[in-house]
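See the structures that follow.
One chain, chain A, appears in both complexes that follow, with chain B as partner in the first and chain C in the second.
Let's turn to the complex of A and B:
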């Protein structure tokens, strides 16, 4: 029973962090049908930034979060300008973007290998374990969940409480009608792209703790997990992404507790079940025409 | 004609570069790239988890050799049969499209990996080890024959009613269905054909490698290489995937084994540039069957920009 309780609570904590990782990807896919397979690699680069900061400047790795955001915004702008307008002219943007961003992900992985090597990189634990209901949880686990909540709230405010967010949701719902209503697609798309990347990079330092370290190939699996989560939680719905993250976190930590060898299979099995049984996700009304 | 050329080049391979393991792997990748060509090129479905069929073929043939002591040719057939069965089981995925399809196939391939790696009857823990059924030379000869047969099949697919239906579905499934094409059946057939090709490739790989753990047969890089090789050469052509595989896999042999990160960087950049500037692959530069080559289209565009005649008539 104690094991079950531990699995349950750590599943929720992990899940909130995974929701944080998922929102940026959700935004890119929701707005422009861009399949950013480099998403996980951006998270990993955010983690490497935290690693570099702690090893060279000896500061708290969480400082990497505010530093990574402007960097990711600039990188996002450049990447958008260089690739997306051309990509949108392709007859099948979705598949073309998947292939293109896979290439970007390989470049990021190769650069990470050149700079940091192939070995796992870890960060020292943030502090003493935190006690919840008599059981101890790693400080980084609690801190990650505690940071994920305001991040998700911020994302919600952007999408539902700003004019830009309103325009973004309009484009998500129907691009042609949004254009006809005078929404400035380029502005909306560029900012969505930049914001999505910033969320990925900001989650990076936390990922280094949550995954027990990172290496250049961590990103690929993380991207798949993030995709599973946003599909579970329905596209374009940040609350759904958070819920999808928690659901994934629970499934993963319960498997970890009771069938350890199969933990790695959880995201894949969940993804298959969701896309086959309910491709519109658990919290969505929009049905995807497949 | 190009077909005969490919077979001649492959057959004379050992005389040019005497490394049978490399040449056999090259032939295996040609089969995989052609399998991607059938699914992605002709139907537009990107099988990101194509390696699952390769792994199914590897394990189908290996388990048949281990438990039933079948011969080499039977193992190839059983490898293909296993992949076809896997393809049938996964055919509901064809209901999906775009990224959902690509990621679902990836998930399926990795789920299959976890099953194979965790079960004892598949030798997940101890690793597979097979008796030697063919000499390296014989295995290479079989691989070249397999490539030749595959090219004939692709040629037939391209020029047949089946291939025409596939291309019709690719450009507009609704119109194709209204014109009397059985969309679901045609797509499924292409899917199973490509599964069978991966199964044959897998059986050949199993007999070449003979001792392996589940990690290698289900390594996602295999899917990715097959996709990039096919795209680089040019999908929807017979020769493109062959050309792409020969060029890129040789490059891999040259720098990828000693400095994998540099190869990764190069092919990462190559993918980006291909998607943006040369979506038709290498063969689109010199022109495919009936299509105008890309450089000629560019010339036409230049000329029409100056108000000259284009083949379609006078432009404004």
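Let's turn to the complex of A and C:
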């Protein structure tokens, strides 16, 4: 029973972090149908920023979060201007973006290798373990969840309480209709791209704790995990992303507790079940095509 | 979607690797013309410049490169069938830690570059494709650290030679001896699902069952596992007297950090890689979290200077990294040791055929003393001479020191320099 309780709490905490990882990717794919294979690499670069700050300035690695956000916004704007308009003119945006962002991913990975080498790097633990219902959890795990909740809430507020968010949802639902209604697609797309990258970079320091360290190739696996989460949760819905993350975290954690050998497979089996039973994801709405 | 992404990743990575490796070969002086009869002996190998095995592969590759440099500086390597010294040329490709890419590149080494012999990349995962190719194409493979039991379990095989480590199933023998001497009966075993780790876990399970014991926890995880939070709790729940975690470096690091971040204390924890990569573990896990843990003792922890081929350990340390001897790790030594095995094979080869070169090793089997110990192979090509004692990491100043606490062979008893401290004191 104690193990079940631990797995449950740990799964929820991890899941919220995974939701955080998925948010940025959700936005990019939802708005522009861009398959950002470099998403995980951006997370990793956020982690490396935290590592650099810790090792050179000896500050708390979480300072990397506020520092990484403006950097990612600028990088996102530049990357958008250089690549996305051309991509969106291509006859098959999804496939072209898959290839382009694979290239970006490889470049980011190579740059990380040159700068930080191939060894795994870790960050010093944030503090003493936190006791929840008499069991101890890593401080970084609790902090990650605690930071993921407001981040997901901000994402929700952006989508549902701002004009830009309304326009973003309109584009996600149907770009042509949104254009006909006067939505400035370019503004929505640029914002979504920049915000998506900022979320990725901000998740980086937390990922370094959650994954037991990062190396230049950690990003590939993270991207796949993020895609799994947003597909489970459904595209364009922050609550769905959070729920997808929590479900993923719970599946992973409970499998670790009771069927350890299946740890690598069960979350993806879950994905298969969700896709077969509810192709639009857990929080997806059915669309009637007239 | 995941399947499409995954496939695209694999395909694009393979194309990238082939292009990159093509460029790498082009950059090697004379590599294109390096063939069996070009006045040089060509040695083909792979290394992982990126990916999860880069941490271990690159130091091993550096050790092999050092051997090439040393042997060429001495005028070349003596090749018995030619009765003269020949220069050695290394042809190397980057497999990016991907077994599929490695398969293509190993084939390329044999079919396109026509190397005389080839050397596997680090570890069992990247060695596995090379073993299959070596057996199929009857080409001599020097396997440095791919100690998976399955590579050597199908009877006599002249084409695969394990140079640096005993076969995985043999590694844990002294661990069982130590557990027994400490009267430990409740053992938890966590292993990664690959040849190397599975073989060790199964071997320990077998040894324990001979004593009528059953592990209180025996579970495998994917080699990509990085989150150990719930697993550690599950192990804790079994109240073990000893915890053995068999993984690759990234697994060991994540596991040990999980213990540290939740203040989880076990009286006996063994992980395989802190002995091989001390600097990395000190940096990523910290000396305090390593204190009183156990690991296999390998050179440079084992100081072997009585050799009859190549450099002794102290000479190697001084020449490999002058002024930075403490940065040298086992994998550097292992890469160099593989070179020495190649050197011995050619020096005693009966002909330039693959079996002729292999016969050279048979001639010196059990007689070769290298900085890793006695080089001895069984009929399947598995290393049976360089057995690994168990060491405990004990606090020393701001870091830690390795103390050998249990020998793997009677001859190693003289190396034991401490008694195991059990139960491990709490930090």
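Odds and ends about this structure:
Just so it is clear, the second predicted complex is superposed on the first by the 278 of 290 C-alpha atoms of A that agree within 3 Å, B and C clash if a C-alpha of one lies under 4 Å from a C-alpha of the other, contacts with A are read in each partner's own complex, and residues count from 1 in each chain.
The rule is simple: contacts are C-beta pairs under 8 Å (C-beta built on N, C-alpha and C of every residue); 3 or more make two chains touch, one makes a residue touch a chain.
Quick caveat: nothing in here was measured; it's all calculated off a predicted structure.
Steric overlap between chain B and chain C is present once the structures are superposed on chain A. In the superposed model, A:282 makes contact with neither chain B nor chain C. By the document's definition of touching, of the two partners only chain B reaches A:100; chain C does not. In the superposed model, more residues of chain A are touched by C than by the other of chain B and chain C. In the superposed model, A:170 makes contact with neither chain B nor chain C. By the touch criterion defined above, A:140 lies against chain C but remains apart from chain B after alignment on the C-alpha atoms of chain A.
In the superposed model, A:109 lies in contact with both chain B and chain C.
In the superposition on chain A, A:87 makes contact with chain B only, while chain C stays out of contact range.
Judged by the touch definition given at the top, the superposed model places A:12 against neither chain B nor chain C. Residue contacts after overlaying the shared chain place A:260 against chain C, while chain B stays out of touching range. When the two structures are aligned on the shared chain, A:269 is found in touch with chain B, with no touch to chain C.
Of the candidate stretches 59-67, 131-139 or 167-175 in chain C, only 131-139 runs into chain B once the two complexes are overlaid on chain A.
Where the contact sets of chain A with chain B and with chain C meet, they give residues 35, 98-99, 102, 106, 109-110, 113, 220, 224, 227-228, 231, 261, 264, 268, 271. Listed in rising order, the residues of chain C touching chain A in the complex are 1-2, 4-6, 8-9, 12, 16, 48-52, 54-55, 58, 97, 190, 193, 219-222, 224-231, 233-234, 237, 249-250, 253-255, 257-258, 260-264, 280, 283-286. Chain A meets chain B in the complex at residues 29, 33, 35, 83, 86-87, 90, 92, 94-96, 98-100, 102-111, 113-114, 220, 224, 227-228, 231, 261-262, 264-265, 267-269, 271-272, 275-276, 279, 288, 290. Those residues of chain A whose C-beta lies close enough to touch chain C in the complex are 2-3, 6-7, 10-11, 14, 35, 37, 98-99, 102, 106, 109-110, 113, 118-122, 124-125, 128-129, 135-141, 210-213, 215-217, 220-221, 223-224, 227-228, 231, 252-254, 256-257, 260-261, 263-264, 268, 271. Interface of chain B with chain A (complex): residues 44, 46, 48, 92-93, 95-104, 106-108, 110-111, 114, 118, 220, 224, 227, 231, 260-262, 264-265, 267-272, 274-276, 279.
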